[in-house]
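Look for subunit A in each of the two complexes below; its partner is subunit B in the first and subunit C in the second.
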Partner chain A sequence: MVRIETRRGRLIIDDLFGKRYEWTVEPRYWRNPIIAFLAWLVMPLVVYGVYTSAFGVVPVALLSTLVFANVLSMMTLSLGFQSIGTGRLNFGPHFFLALGGYTAALLNVNYGLNPAITLIAAFAIGAIVGLGLSPITIISRGVYFVLFTLILPLVLYQVAYWRSDIFGAETGIPGVDALFLTGDLILDLFLFLYTSLAIATIIMLIYDKVLRSKYGLLMGAVNEDEELARMYGVNAPFIKVVIFTFTSGAMAVAGWFLAHYQGSFAGPAWLTPEMLALILLTSTLAGKGAIYGQVIAAYIIVILREVLRSTSGELGLAALYIIMLVLLFVLPEGFWGLYRKRRYREYYPTIKVRKREVL
Partner chain B sequence: MNRTKWVLAVVLVAMAILLAGCQQPTQPPKGATTPIPGEKEPIKVCGLFDSRIPVFKINMEGIKVAAEMINEQGGILGRPVEVIFEDTQKKVDVAVTAYRKAVIEHGCEIILMEGVSEEVYAVAEEGAKLYPKYPHILIAANAGMETNIKVINEYDKYKFYFKALHPDAGQGLQIAYDVVPPVAELVGTKKVALWIEEAAWTECMRKGCSFDTKFGKSEVKSIKEMLEEQGYEVVHYADIAVGEKNFLPYLEAAKASGAGVIMVVSSWYTDTVTLAKQWSTSGANDIQIVLWGGPHQMSAYWKMTGNAALGIIAPYFSYPELPPVSPLTEEFEKKWCAKGGEAGCPTIEQSTHHYISELFRIKEAMEKVGSTEDIDAVIKAMEETMFTSHTVISPQDCYFGRKDMYFHSYPWHPAYSLGQYQCGGKVVYVNDKEIARDHGYSEEVIKELHPEAYKNPAELREICK
Partner chain C sequence: MTLLEVVELTKRFGGIIAVNNVSFKIEKGEIVGLIGPNGSGKTTLVNLISGYYKPDGRRIIFEERDITNLPPEKRAKLGISRTFQNPRVVESMTALLNVAYAILGTRGEKMSLAEAGAEAMYYLEIFDLLKKRDTLAKDLAIYELRLLELARALATEPKLLMIDEAMAGLNPAEADNVVRVIERIREEFDLTIIWIEHVLRVLMRSVERVLVMDEGRLIADGPPEEVTNKPEVIEAYIGAEEEV
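Right after this comes the complex of A and B.
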């Protein structure tokens, strides 16, 4: 039986396959996320409509930019979630992107596997490698963790050149099947755009759901003070291994998408310090622990990059980095902080430990 | 207003201004009904380059000068040429975005693109989708061999793409037959040290390769095998890692092996400036070193190396030494060198010559077809015509229509271009005259070749003190 308990603001299903479910239906908890999601969903169509009617041409550059914003969102969502759950900042997220891209490209080109299978394979390889590397989240921290993750992309970069017969070195692996090939370029572009948006949304919803659950509380505990969390019985190593493994797989999905979007994949093009800087800056400017903020930051930064590229010539990149540096200074809580200040109830759970003052 | 609001407001206003500013004059896509293309409507040429990289900046300048020259001649069938540059930031995703913008938003019919393989692969795939609705011609000055095979095997899909360079597999043949033998003969040696940059573009040169195409099977042996077949002894062989900075161990090994020539199959990935400096002060500095691709093609290399390039042999394409391969070589020289004013001719690199020449080839093809809009016919004309106005390559060596692995790319490297840096950075072309003659270069070009002026690097150091 479905009923609404108005006093508690809950929607309740009493007996669904023998279980009882209840959800909060109070608007303040779901109104803004739904509005934001709808805005995200319709934005490409609005951009398309307004631009086309105003200038008489299809805004392919802007739409392509939004596709990349979604790819960047996939990366930063996973990086942000990983940082919360492991208490470590990964300096090699693009390693997993390249891993996914290579997996998809090699399986598709050499074995003819279709994108649905290469998606599973890319996630699986990313997750397996993530699982293999996950002990570093337990045994190392600080500069050692940073160096370890920083070196991983460099290793893959060198391997790509060493085995150029497999990885194609700087030229990469061409001839990867496109996800969509309808014959209508604009339709294809929209299909890629909404597919990437759907992937980013799924990743975001999974992370959001976890962070709002009791596991989110445990992750918060590990993030705040790992030793203290362990003292209270939290299995911190297990949490870190699971989080690192899953997020590594999710990052590999971004590489899978790129390979099937561009029809080729060249690891060295993505294993660059610039790519790392873009991911880290986006993640940081999103706001600490801000899952929704990751998408907002990715969109702002990628659109800004495109605008500066179109207007500022060779100074475009320098201007982008300067603006981001300034924003790091003036927005210590990132873009999400601007919103969160006014919506304190939507703070993620954290444990505050206050030391008792010794009198 | 609190600080965060101010920040937000400033960011939003800045973005709004930039967004407003980013809209550039555009042309509706083909098939749109409103503007009927008149004869005066410009032909748009889009250049996709990362303008932060010096060599690409030179490419961009060259394209601008070529467009000016075409416009001074009355344009192409009365239509002026307008050049629009899009920044690729040397990133695959940005290059694809810029390419889409160039074709759809700017309405460019001709796209000249930086020769970065990973970008060209992605862009060529995109071009295959764009071409049916937005016919255009895409020319890149380099890309992996795979792009050649695509055009051969799936012609209708990829016919819009041309590579203004020789394919990777062909470069091995050129080095093995036209570069090492004449230099070894000048030196008087049969012992060669062979160093090859370890990258995808050299894989065929390192390991040999074969391709199955619609034109049949092409097999190319490794450079080492080809040299040994000709009676040369490869006494030292090394794969040089991309980004290598320490060449001293290789130089010492080459010296110990008794090599008379060091052939370095390099590109812009190899730091040939550092290599020149280390070679000039090493124990191997009396061994003749020959470089392939990279900055040594430009007059600026002499200064970049602090004169350490003395004695080095490398393909060289800068004015005023460049021989008059075609009337366009000299016409362009006048314009180009005028830009430098009193400082002399600005430095220029091989790919710049390819871009400017290709613009003139397209002009010629459009004029032959009598239309600037029938791109299919223009492509056919580009394939069928012997282009005689390339600034650095003979007609037979830049012919796009060969029915083999060279289809839609250059069959051969300029067979006159081996220059030796001599006293004061003056470059002397030391190629074998017969090889240049075989490749169809005129006697005016042959006249500029002086193999007899070749000097050993050690001898040059004595003379130029």
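Right after this comes the complex of A and C.
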């Protein structure tokens, strides 16, 4: 006779065609990354379907918001990864975003290079500038590193006005080829949405793979105590240079996407203190070293921002920042800490030790 | 064969000379005690040899190679390892990961994470810490932290191991056990050891040679029984006699 019971967080079906089946019921043992990724993939379609059937209009603004959440994810994923590998918090990530945006726009508009080429160029320029600036991760720390990285976007901001003939100041560089132009607004929006999602996913998977490898362990050692790590042979300066260079290139890719998404690129729109605050708050509220948490935090914050802005205007934005400040205190380990309370330092790889079987 | 040669080494912190013109040689396989009153420059000397500090004068030779300007990670790869006076581990890592990262750091170019983990377990086993492999370092007792530091240092396969006060904060039974472990690893791993210790009773029993420092200077160098009878050593520890 078939017997069904739940025991120790498991659903057990016994004696079903002479076999016994067990499934883990407790959510933390599920293959959660796969479930989360599928939910991430399906969510835009669900949002579109529900909104259209409920209100009878196409949620253009909402889909644009989701695109922005993906762009923010690209930035915060790179910033979080960079923070682990360098042990320093970069206050100028939007500098690299603008660098990528300008590179893509200038090369496309002035030289007619297609988006595939400008993608490579944007990553390369971001990485080269990152490599040039990377010694600051070795020679400076604390307030000096913060000030250095904080000043970089301001310099680019001023340059955008000083050479407005090249950078177009607040008007930006118009006429950049869009990645998709099918003539169907909704189709284009979905194509942009899934392209940005794909880029964010690729970045996330690369960082996740690295963090789960031996290099992730070495990065964690550098992050926790750089001097100690060096005493035990970890080449911390090399790790910091490589990480800073690569993540700078990845941040520039976010700028490349924006240029080819909006059909123009205006640095001053992105080189703002508000953009910096949004990136830093998202990255911090994601949870320390929480790569998956970056995407979750980006989505929560961007959607909350749009809801508050559309319902309460400037007051809503003020409320958003107050909410985020409160969350910093209430959730010191971020949104990811809610999910993985027991082991929130996700950035250390796990070494599985097989226990000896009792014969 | 000379493993380490320190030549007229000097380190200043502002107006204070922490290590003043210190010279000595250490032969391969020796176990050398480094003693002296508080603030005599012992730990600074270890910091200079391990690359934590850069000297202000003269040089350090390791295996006939000048390493004075080498960064600490390269010195670690050459075979110089150390422990700290106050246990310094990555508190948020497990005991296993603390040892594994040191293995990967010093000789992990062609090693996978799993291989480093397996080796780390071997070193934890030597120090009877295998059962604590999944315990976060911050949850370990001081005795276990001392052993973990030794395990991590040994895992780098050092030629020269510098132990900075391995017995501080331990009860007599724990201290005796640490001594036994140090003597055992020295024999099994063919180590050269520089051992800073305040518990002279134990140290004198275990080492073949003692270096004595006072106010940054090396004031004595020789076998333990000879060094302890030197007037300048007695004076450094007890103070000079004054006529009243």
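Note that the second predicted complex is superposed on the first by the 312 of 359 C-alpha atoms of A that agree within 3 Å, B and C clash if a C-alpha of one lies under 4 Å from a C-alpha of the other, contacts with A are read in each partner's own complex, and residues count from 1 in each chain.
Keep this in mind: contacts are C-beta pairs under 8 Å (C-beta built on N, C-alpha and C of every residue); 3 or more make two chains touch, one makes a residue touch a chain.
If you're wondering where the values come from, they're calculated on a predicted model, not measured in any experiment.
In the superposed model, A:E224 lies in contact with subunit C only, and not with subunit B.
When the shared chain is aligned, no partner comes close enough to touch A:I128: not subunit B, not subunit C. Within the superposed three-chain model, A:A236 lies in touch with subunit C and out of touch with subunit B [touch as defined at top].
Judged by the touch definition given at the top, the superposed model places A:L338 against subunit B, while subunit C stays out of reach. Contact with subunit C, but none with subunit B, is seen for A:S213 once the two complexes are overlaid on the shared chain. By the document's definition of touching, neither partner reaches A:I12: not subunit B, not subunit C.
Contacts of A:L280 after superposition on the shared chain: neither subunit B nor subunit C is touched. Contacts from subunit A toward subunit B in the complex involve residues 55-61, 64-65, 68, 71, 158, 161-162, 164-165, 168-172, 174-175, 178, 181, 183, 185, 188-189, 258, 262-264, 266, 268-270, 274, 300, 303-304, 306-311, 313-314, 316-317, 327, 330-331, 337-338, 341.
Of all residues in subunit A, only 213-214, 217-218, 220-221, 224-225, 227-237, 345, 348-349, 351-353 touch subunit C in the complex they form. In the complex of the two chains, the subunit C residues touching subunit A come out as 50-52, 71-73, 76-77, 81-82, 88-93, 96-97, 100-102, 104-108, 111-114, 116-117, 120-121, 133-134, 152, 156. Interface residues of subunit B, counted against subunit A in their complex, comprise 3-4, 7-8, 11, 15, 18-19, 21-24, 26-29, 32, 34, 51-52, 87, 89, 91-94, 96-98, 100-101, 104-105, 117-119, 121-122, 125-126, 129-130, 132-133, 143-144, 146-147, 150, 198-201, 203, 207, 241-242, 269.
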